[in-house]
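As written, the chains take the letters A, B, C and D, and residue 1 is the first residue of each chain.
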C-alpha cells in the first residue's frame, strides 16, 4: 500500500521536526496595528526569549536535529539566537522576510522579500538550503523563486504526504509537504487581537493525536512533517508533550529524525512523483467571487 | 420504537459509505480567488491524487462497496480516476457540475448546471442513479430536477434519519438523508483561505463518536449515511480510523453496507414516509432579514 | 454551603427536563432567507417529525415528566403534536410566538408577540403556566409581561443556579434559571446557513459533562435545568445519551425530576432570594458602542 | 533546565490563584448595548452574587489565599463584597475602572481611568499593591502608570512564564505573567451577545489540562498564574474542578500558593530578568494594515 522508494533503508516513515520562529512577525504580518498591543507583542516574544532555549535543551537531551525556519526580520534582530541554534547542530531555513503571505504580494514584491531574507542570512553567515512560505501561502511563483536562489527544497505545499518534486522554470525542487493537522498553531494559538486563533487544546490530546499519526504514517510510508512554533510549544506542558512525542518517534525504531536539508540531500537522484505548479484555468463566471 | 419496514431482512440498520470527490471545486465554489492560492489548491488535489487511491485500497481489503459523488467539473478533468473507481465495483454519483450551491442559483441555472454534469458522466460512460447537492444545499427545485433526469434518489435532505420519499411534479424520488454529524468536513476541515473550516479533531475521537452512532442507529432502525471527503479522510491517521469504523460496522453483523444505488433499488415498492417539498409560506415582516 | 430552603424534602437538587420545539422558527428567526434553503428547513423539521416522537418514547420508558416550550408559530401548525405531548402527561409552555428575540423588539411588539402565542395555546386548549424567551433573550419588560398574563414562572435568566423571585410591577414571578452549559445547542448545533452553530460534540462527552454537573449540583443544592432541542437531541446517539443522563439522575435517588410548572407550584410561599429586574444605568461614554 | 533564583526555598514552582470580578463590565466593556440584554446582565451578575461566595467557601476550606482583581466600577457598586473578601484574608487588586481595554484609550484616558479606580479602592479602604489590565490589553504606558501610583506589580504581560522586571520611567515593577492557557474564559465563556466566547469545555478536561500544567511548571520553575472569573468558575461543576485543582497543587508539596502581593514582596531585591517595555519600530509599509 506504500510507495516507499523515497524512504531510507529500513525506515517506514521519516520525521522532520521544524520550528517557525515567527516572533513578532506572527502578528505584525496579520496587522501592523498589533504593534500597539503590548501584551500581544510580549506573547510573541516569549518564543525567542523562553521557548527556543527551552526547546533547544529538550532537543539536546534527545539528541535529535531540527530545522528552524526564520523570517528574515526576526533573524536580523536576533543574530545571536540564530547562531546559537546553528551552533547546536540544527538547520536554519528561510521563512520569508516579513512573514506577510506571498499570495498578497506581486511576483516582484515576493522576489524582493525573498532576496532580502537571503541577505540577512548571508550577513549572519548561516547557509540556507530550503524555504517555507509565511502561513504556507506559497504563490504560483514561489517554487521558481526557490530554485532561482539555488535552494533545494520547499516546505509549503500539500499535494502529497511524502516528498515529491515540483517542476519550475529553473529546474525541479523537492517539496517536503507540511499539513494543517501537524501544526501546533491549530491546537494552541489563542489571541483575540490580532485574532490569530481561538484554540487551547489539552497538550495530552495533541500528543495522543500526533502519536497516532506517526503510527499511521509508518503504514503508508509518509513524511511526518511537524510544524511547531516556540511561542506556542515553548510553553511548559506543551514542551513536555513535544518531548514525549519525539520519544514516541524514537521508540518506533524505524522513523529516522532528519533535518529538512538532510532529507532533501538524500533525495537527490531518487525517483519521486513530479508535479507541475500551475494555476488552474477557470471558465469565466463559473465560480463566484466572494469580493 | 423503530419504523423498520424499509430495512433488509435481518438488518437493524444500513450503512452507506459515500465520498464527495470535490477536489479543487471544494474551495473554488466558495471563492474563485482560491485559484491564486497554490497551497490551498494543492491541499484539495491531495484528494484525488493520494486520498482516493489509498481509500480504494482500504475498501478493497474490506470488500465493501462505496458511492463516490463527483462534481462534473472534477470528473471532466479526471476521467481515468472515475473509470478506475467504477471498475473497482463502486458507484459513481452526481454532485452538481461546479459544486456551487443550488441555493445561490436560479432554477434555470441549476437545471443547466445539473444537465452539464450529466453530459460529463455520459461522455465518460458511467451510469448515474442518484444525486447529492453541493454542500447539501438543495433548492426547492432540486428533487424535481433529479426526477426529470430519471435518477432514483437524492442524498441532501435531513427530515428523517431513514429513507423517505419526496414528492415531485415528476413523481417521487427516494431521499437517503445525510447529516452534519456524519460528515468528516465538520471534524477535519481546516483552511484559512478560503475559510472552509477550523476543526482538526483527533481521528480516534471521531471514530469513537461514529461507532456510537452506528450502535444507536441499530436501535432506531436508521440509515448510517457517512459522508467523507478524500482530501480529508485520505490523510493517514484518518484513513486508518475510517478502516476501523467500517470494521466496527461489519462486526455488528446486522448492518449491511450498500451503495446508495443498491439501497434505492431495494426500496422500490417499499412503503416509506412521503414528504412534500415546498417552501414554507412566511407572513410578511414576521421574521427578520439579515441582509 | 447550600441554600436549600427551596428543595423538596429529601432532595439535594431538582432536575427539570425541558425541550424547546423550535422547528423552522429556530432558523427563520435568525434570517427569513432561511426559507429558501430546503436542506436547512428539513434539518429543523426533523425535530417535530422524528425527534419528538423518539423522545416521547424514551420519557415514557423512564416514566419522567418533561416540559416542552413551543413557539406559538410551531404550535399553530402542529396542534396534534401539542395535544399528543400534553396527553402523555408533559407540560406545554410558552416560547414566544415567532422565536424572534425580545431584545430586538419594542415593548409593544413583545407584548403583541406574547399575546399571539397565548391565543394559539388557548385555541388548542392547553393550559400555560410559564414562559421562556426565544434564545433566552428576555428584555427588561419580559418578567412583567409574564406576570400580566398570570403565568407563574419564567425560565430565561441566569442570576442564580437555583430558583429565585423576580419582582415585577404585576407582582413577583418565579425564575427557573437555565444556563448555556446545560443546553444541547452549544454542543450539537451545526448549520452553515443560517449559521446557528459550529459544534458537533461527541454525545458521550456531553453525557459525561452533564452527569458531573448533576453530581456537583447535588452538593450546592442547585436546579439542574436541562434545555434540549428535538432537532438536535432527537438524533440517534444523542437520544441514547439523553436517556443515560436521565438514568444517572434517577439513580442518584435525591434528585426529583419535575416539570417546570410542578416545581413553580411547590415554590409558592417558599422563601426565595428576590431580585429586581432593572436595566443598569450607564454613565455616558464610559463604555464603547460597537455599532 | 530551570532559572529558579526567584523561587522560595524548597519550591519547584509557585501558584497564584486570581479571580477577575468583572461582573457587568465583562460585557459592557465590549458593547454598551449589552445593557439592553437582561439575560446577559443576569449571566454576569451570577459572578458576584453566587460565584464569589461559593468560591470564598472553597478557599476557606482549603485554607489558601487568593487575589481578587476588581474593576473600580464593580467595587464602587459592591463595597460590602470587597470588604468581605478582604476580611477573609484575600488580596484586592486593581483591574482598571471600566474594564475597557487600555489599548483603545489615549495615554491620558488610561491615566484617568486608572486613578478613578484607585479612588474607589481608597474610599472603601482596601490597600492596593498591583494591577491587571482589562483583557490583559496593557498599553505601552501601562507599566509606567502602575509605577507612578506606587504599586509594585503588574499581571498582564506574557514575555516569560516566571516573574520578571519591567523597566519604566518611574523605576522597575515586577511582572507576574498570566497566559491564555491558564484562563477559564477560553474554556467556559459562551455568550452570543455580546459575543464574548463560544466555548463550553468539560470541567474535567480543564482540570486534567491544568494539573498537567502544574506538573510541567514544576520542572521549569514557572509561575502557575491562574486567572478565573466568578461568573464562569462559580458554576457548580467548575467550582468543584477548581477545588480539585487546588488540591492537586497542595498535594505536590513544593508549590506554595501565594497572593500576587505576597509574591511580589518576596521578590524585592531578588535577581530577575529585566525587560524593556517599548513599542517595536516598524518600517513603513512593511506590514499590512487590516483597517
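Everything that follows uses one rule, which is that a contact is a pair of C-beta atoms (placed from the backbone, for glycine too) under 8 Å apart; a residue touches a chain by one contact, two chains touch by 3 or more.
Computed from a prediction, not measured in an experiment: that's the story for all the values here.
Copies chain A and chain B of the same chain sequence form an interface built mainly from non-equivalent positions, shared numbers / all numbers used being under half.
Using mean Cα coordinates as chain centres, the one most removed from chain B is D.
Distance from the chain A centre to the chain C centre is 48 Å, each centre being the mean of its Cα atoms. Taking each chain's centre as the mean of its C-alpha atoms, chain C lies 34 Å from chain D. Contact with two or more other chains is made by residues 198 of chain D. A complete list of chain pairs in contact reads A-B, A-D, B-C, C-D.
Every residue of chain C that touches chain B in the complex is listed here, in rising order: 24-25, 28-33, 35-39, 41-43, 45-46, 49-50, 54, 57, 73, 98, 100, 104, 188, 190-194, 198, 200, 202-204, 235-237, 239-240. Those residues of chain C that touch chain D in the shared complex are 1, 103, 133, 135-140, 142, 156-161, 177, 179-181, 186-187, 198, 205, 208-209, 212-213, 215-217, 219-220, 222, 277, 279-280, 282, 286-290.
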